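For reference, the structures are reproduced in the following blocks.
Shared chain: chain A. Partners: chain B in the first complex, chain C in the second.
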Partner chain A sequence: MAVVLQQAINGVVLGGLYVLVALGLTLIYGVLVQINFAHADIVTLGAFSAYFFMQSLGGGYIEAIAVAFVVGGMLGWAMNAAIFAPLRAGGNELLPLIATIGVSITMENAMLAWFGPIPYAFDSPYSNDVIRLGAAYITVQNALIVAVSLLTIGLVYVFIKFTFLGKALRAVSQDRETAGLMGINPDQLVMLTFVIASALAGMAGAMLGPVLVLTPFAGTSVIVKAFAIVIIGGFGNFGGTILAGLLVGLIESYTTQYLGPGMIDIVVFVLMLLMLAVRPTGLIAEKRDENV
Partner chain B sequence: MRLRVCHFNAGAIAAVFVALVSAQASAEDKIIKIGGLLPMSGPGSYFGAQDKQGIELALEEINRVGIAGYKFEVKYEDSSCSPLPATQAAKRLLDQYKPDIVIGEECSDATLAIMPLMAQAKVPLLNAGSSSIRITEPGNPWTFRIMPNEVMQGVDIATHAYSRLNARAAVLLYENTNAGIGNAKVFNETFTKLGGKILADIGFGRDINDFTSIATRIAGVGKIDVIPTYTLEGQGLKITQALAQAGATKGGGGQAIQLGTIWLPFGFEQKAGKAAVGYIRIVQFDPTDQRPLVRNFIDAFKAKYNQEPTHLHAHAYDQIALIADTVKRGAKDADSIRARLAATKTFSGVTGSVEFDKTNQNDKMDTVHYMETLPDLSWRALKWN
Partner chain C sequence: MSSTKYPQTIPSRVHSALTLPRYMAWTGAVLTIAVLPLVFTDAYWRTNLIVCTLNIALAIGLDFVLGYAGQLNLGQSAFYGLGAYASTLLITKLGIPFWVALIGAIASSCLVGTVLALFAMRLRGHYLAIASLGFAVITYQILLNWISLTQGPLGIYAIPPPSALALPGLPAIEFHDLGNLFYLVACFALLSYFLLDQLIRSPIGETLIAIREDEISAASLGVNCGVWKVFAFAVSSGIAGAAGCFYASVVGTLVPDAFFMTESFTILAMVVVGGTGTLVGPVCGAILLTVLPEFLRGIGDLRLLVYGVALTLVVLFMPGGIVHAARLAFWRLQRMAVLGAVR
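Here is the complex of A and B:
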């Protein structure tokens, strides 16, 4: 019983971690109907930003999370302004998608050149503190991941549902041209989406850094699962992404316990294929115009 | 007459000059071309980065005067610790650079993939870091391995665990690669034959990031004495920390001792922190070795890079030194290098000694050094071999 409870805790932590990464992906897809392959590298850069802020500038971990959030947001702004927006303006929908692959490979290799291939030991002050509740335990870092995930989900939800900018974002995701006729500048809102999604990715990197193996490829190792979560949850579906993230986290934990970690990818990706075949709209079926 | 003498002298001087120039040109042209197939990208890229430093130091030292009129050069290709990029890199090297010998790869899967290409091209492959038994069994005339293979290592670790640590219960943790599976299998067979019991056999992919669930499972299997772990550095760090957090290993106040391989570089303990206390692992290079060869290597390495050398630096350094040794013994091309390598009997490198058996496997065990991590995260050499 203790093992079942412990694996549930592990699964929720893992799910929270995946949700942090997948939220940005689903935001961009919801507004632009575009997959951003460079998202993983923003996660990685966020982790490195936080690491170097702490190591080189002596900053605290919580401030480092904020730094990663800002760095991610700035990177999202720069990428969209310099690369994606001009390509979208050309009218070809495929080019921005291909460009995200190019940006991803460029960033990965640039980070490899700057930071080197040797894994960094990114320990937050909470990495080794363990809270024990009877037979169960959770590290303070993992508890922080769950808390930040919940807070982020809540803030993003409030922003999208109740603020003017959030409503405008939804309007653009529903019908870009009509939103433009209503006085909303779609290009500015697309930029805002990129900034928010990338800021979230940067912050996710700072949260994941102490959990992941920090190398220039750190984000890449998570992004495949994040894509699976976005598909299982329903592309661009906010609630579905959260539910799918938790589901995948729990599946991983219990698969490790009862089938072995070698079976994790098989179970997760079979589930993804089943969703595509049986319920392509995702876990929470919504009309496309209600997404994001 | 005087003019004639002058002409003769001028002619002689010109002839000597031409001879000298051509001799020098000939000496400059006498290059042993070494292909370096190393992982420069991906999760195993720390191998390539460190190997390259060891190689560059060896080249710098040897090329100051050369060996038997030969200088040595290395052309690197990124083989990415993976079969497909390794074969592509090997083809590029063989087609374009036409090396006399190739060193690499570090990862067994990649090494196994490039071996047929080397045999086909009749270019010897000198390997220092791959452990899969299939690399030298049943034997390939073109592939040589300095490092003890998985059977030599696995039998040795399992025997020491049983006899010196009195271990009777083990959990196996390994990445699902040729090397990971092979090493774990040998440990399993040897340990159970001695009377030990394997409580869990856990393989995982290189894409696993969070080891909390695995540590939870391990903590729940009962009393464990040792946890042999076969993985690259990045995942190794997280495994060690997760096992300590779960209270399974000595580093987390538990009983189990983690046993590791030469896959992990020096500095692992400092990165893993207190979780690594009590960790026993084998390394291919003993920095406390007092042989002058080793002390000189350490001094030269620190002078060049301002850091301590690791076993990866050391075994890459030894690869170049061993090639230079074959040239000293008369080798000059791929075929003669292969022949001299096969005849190697008394080579002494910084990692230990080398003598190849009939399968071209180094059969010396003095390249295996056991180290234990102390509470201050320093090492204690256990001198088990």
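Here is the complex of A and C:
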């Protein structure tokens, strides 16, 4: 019983981080109908910027998360300005996707040349303090991850649901042209979406750093799961993504416990393919059936 | 949503610029293949030649699905790996001769390709890309974790080269020599090219292009889009499976890492850099992206960096690929020359 509870806690910690990464993907998909493969490398660069902020500049961990948030946002801005904005004019569906694969390969290997393939030991100062919860334990680091994830997800939800900009963003994702006619500048909102999504990814990277093995390929293993989450939850669907993210986090921790870590990706992706076969609109269905 | 067609429509005048008559192109290709092992005699370059030829086969196979049927398949690495492991296991565990194992590799990749395509029949665009990527991840993890069968990350070693080919009336051809092995792989690549070329120039090719340009219009004209997509997937994965079988016997060792999803991306880069929707394009792309990094070995292992930069720049600045860019440049020169002569 203690094991089940312990793995549930671990699953929620992982799930919270996956939700942060997957939310960015789903936000971008919502307004642009585009997949961003380079999202993975923003996660990695977020982790590295937090690491070097702590190691070289002697900053604290909380500040490092903020630094990764800012770095991620700036990367998102650059990526949209350099890749997506020029390609959007072409009106082709697959070209931007292929471009992001190119950007992702480039960034990953530039980081490999720069940082080397040897894993970095990203130690958080909070990893060694433990809180006791009944029969199970949670490190302060993991409690921090859950708190920050919950807070961020809540803030993003409030922003999208209740602020004027969030309403404009939803308008653009429903119908870009009509939103344009209503006096909303879709290009600016697309840029805003990119910055928010990438900032979330950078922040998730800073929190994943101590959990994962920090190499230039760290983001790739996260992003393939984030894709699965986005499909299981339904592309462009906020609530579905959160639900699916927590589900995948729990699946990962229980699979590690009972089937071995090698089975994680197999279970997650078989579930994804089953979802695509049975219910391609995701857990919480929405009227968006262009691709299925 | 905007249309899903992949390459921009190319004016036929541009398309026919720089195109050799068929018999000349084929003769040139055969002559080049015959001469290459005579020029490159050391084992290093001969191995590179073989790898390059396998990449050509993989690239034209992917282009059949991406450039003609318009479906982005990111699972090509899985079919490549399936072919390699299927044939190797048949040879080493069951003692089946190479040529039968080759057929087994093609059949198993074809079969799995068909199953994925049946899955993907209802999906398009991004959903298909992610479904096929998920399939590649599953296959890689199975190769890595089914240790009793594939020996997992330790890999399979000492895979024998193809057994000697004894055609009636000719002396037996041995494949211990890299030169002969290159001829064998080149024959396979030529055969694949010939097969795809014939398919593309037949009504089947027209059908696939119709699906690429507009699926709904094609369906309204009586085209059964699902069946033809499955067909394109099956052909493409069969070629990848055969390439995997040759890869295993050329390299002699198999590890799952050779078939990670990065391999799908490198094949995609070859197709896109060369030019989708043409068969010559992926051939040029595969040659360029296999040979170019060899010259850059001196500044560290930047092979994949070259792929990433090339892919990004080509998509941004010449979306038709280098073949289209060359044709466009040639056509413009021709036009300028004609205009100059008129003046």
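We take it that the second predicted complex is superposed on the first by the 286 of 292 C-alpha atoms of A that agree within 3 Å, B and C clash if a C-alpha of one lies under 4 Å from a C-alpha of the other, contacts with A are read in each partner's own complex, and residues count from 1 in each chain.
Methods note: a contact is a pair of C-beta atoms (placed from the backbone, for glycine too) under 8 Å apart; a residue touches a chain by one contact, two chains touch by 3 or more.
These numbers come from a predicted model, not from an experiment.
With the two structures aligned on chain A, chain B clashes with chain C.
After overlaying the two complexes on the shared chain, residue contacts for A:113 are found with chain C alone; chain B is out of touch. In the superposed pair of complexes, A:87 makes contact with chain C only, with no contact to chain B.
Touch criterion not met for A:1: it reaches neither chain B nor chain C. In the superposed model, A:142 makes contact with chain B only, not with chain C. When the two structures are aligned on the shared chain, A:280 is found in touch with chain C, with no touch to chain B. When the two complexes are overlaid on their common chain A, residue A:181 makes contact with neither chain B nor chain C.
After overlaying the two complexes on the shared chain, residue contacts for A:123 are found with chain B alone; chain C is out of touch.
In the superposition on chain A, contact is made by A:272 with chain C only, not with chain B. Legend: residue contacts after superposition of the two complexes on their common chain; A:252 is shown touching chain B, with no touch to chain C.
Only one of the stretches 38-46, 110-118 or 200-208 belonging to chain B overlaps chain C in the superposed arrangement, and that stretch is 110-118. In the superposition on chain A, the residues of chain A contacted by chain B and by chain C overlap at 109, 224, 260, 262, 265. In the complex of the two chains, the chain A residues touching chain B come out as 2-3, 6-7, 10-11, 13-14, 17, 109, 112, 116-121, 123, 127-128, 130, 137, 139, 142, 211-213, 215, 217, 221-222, 224, 252-253, 256-257, 260-262, 264-265.
Touching chain A in their complex are the following residues of chain C: 1-6, 8, 72, 119, 122-127, 129-131, 133-135, 137-138, 141-142, 144-145, 261-262, 265, 268-269, 272, 300, 302, 304-305, 307-316, 319. Contacts from chain A toward chain C in the complex involve residues 29, 33-35, 83, 86-87, 90-95, 97-99, 101-110, 113, 224, 227-228, 231, 235, 260, 262-263, 265-266, 269-270, 272-273, 276-277, 280, 290-292. Every residue of chain B that touches chain A in the complex is listed here, in rising order: 40-43, 45-46, 48-50, 176, 202-205, 207-210, 212-214, 216-217, 220, 233-235, 237-238, 241, 244-247, 265, 270-275.
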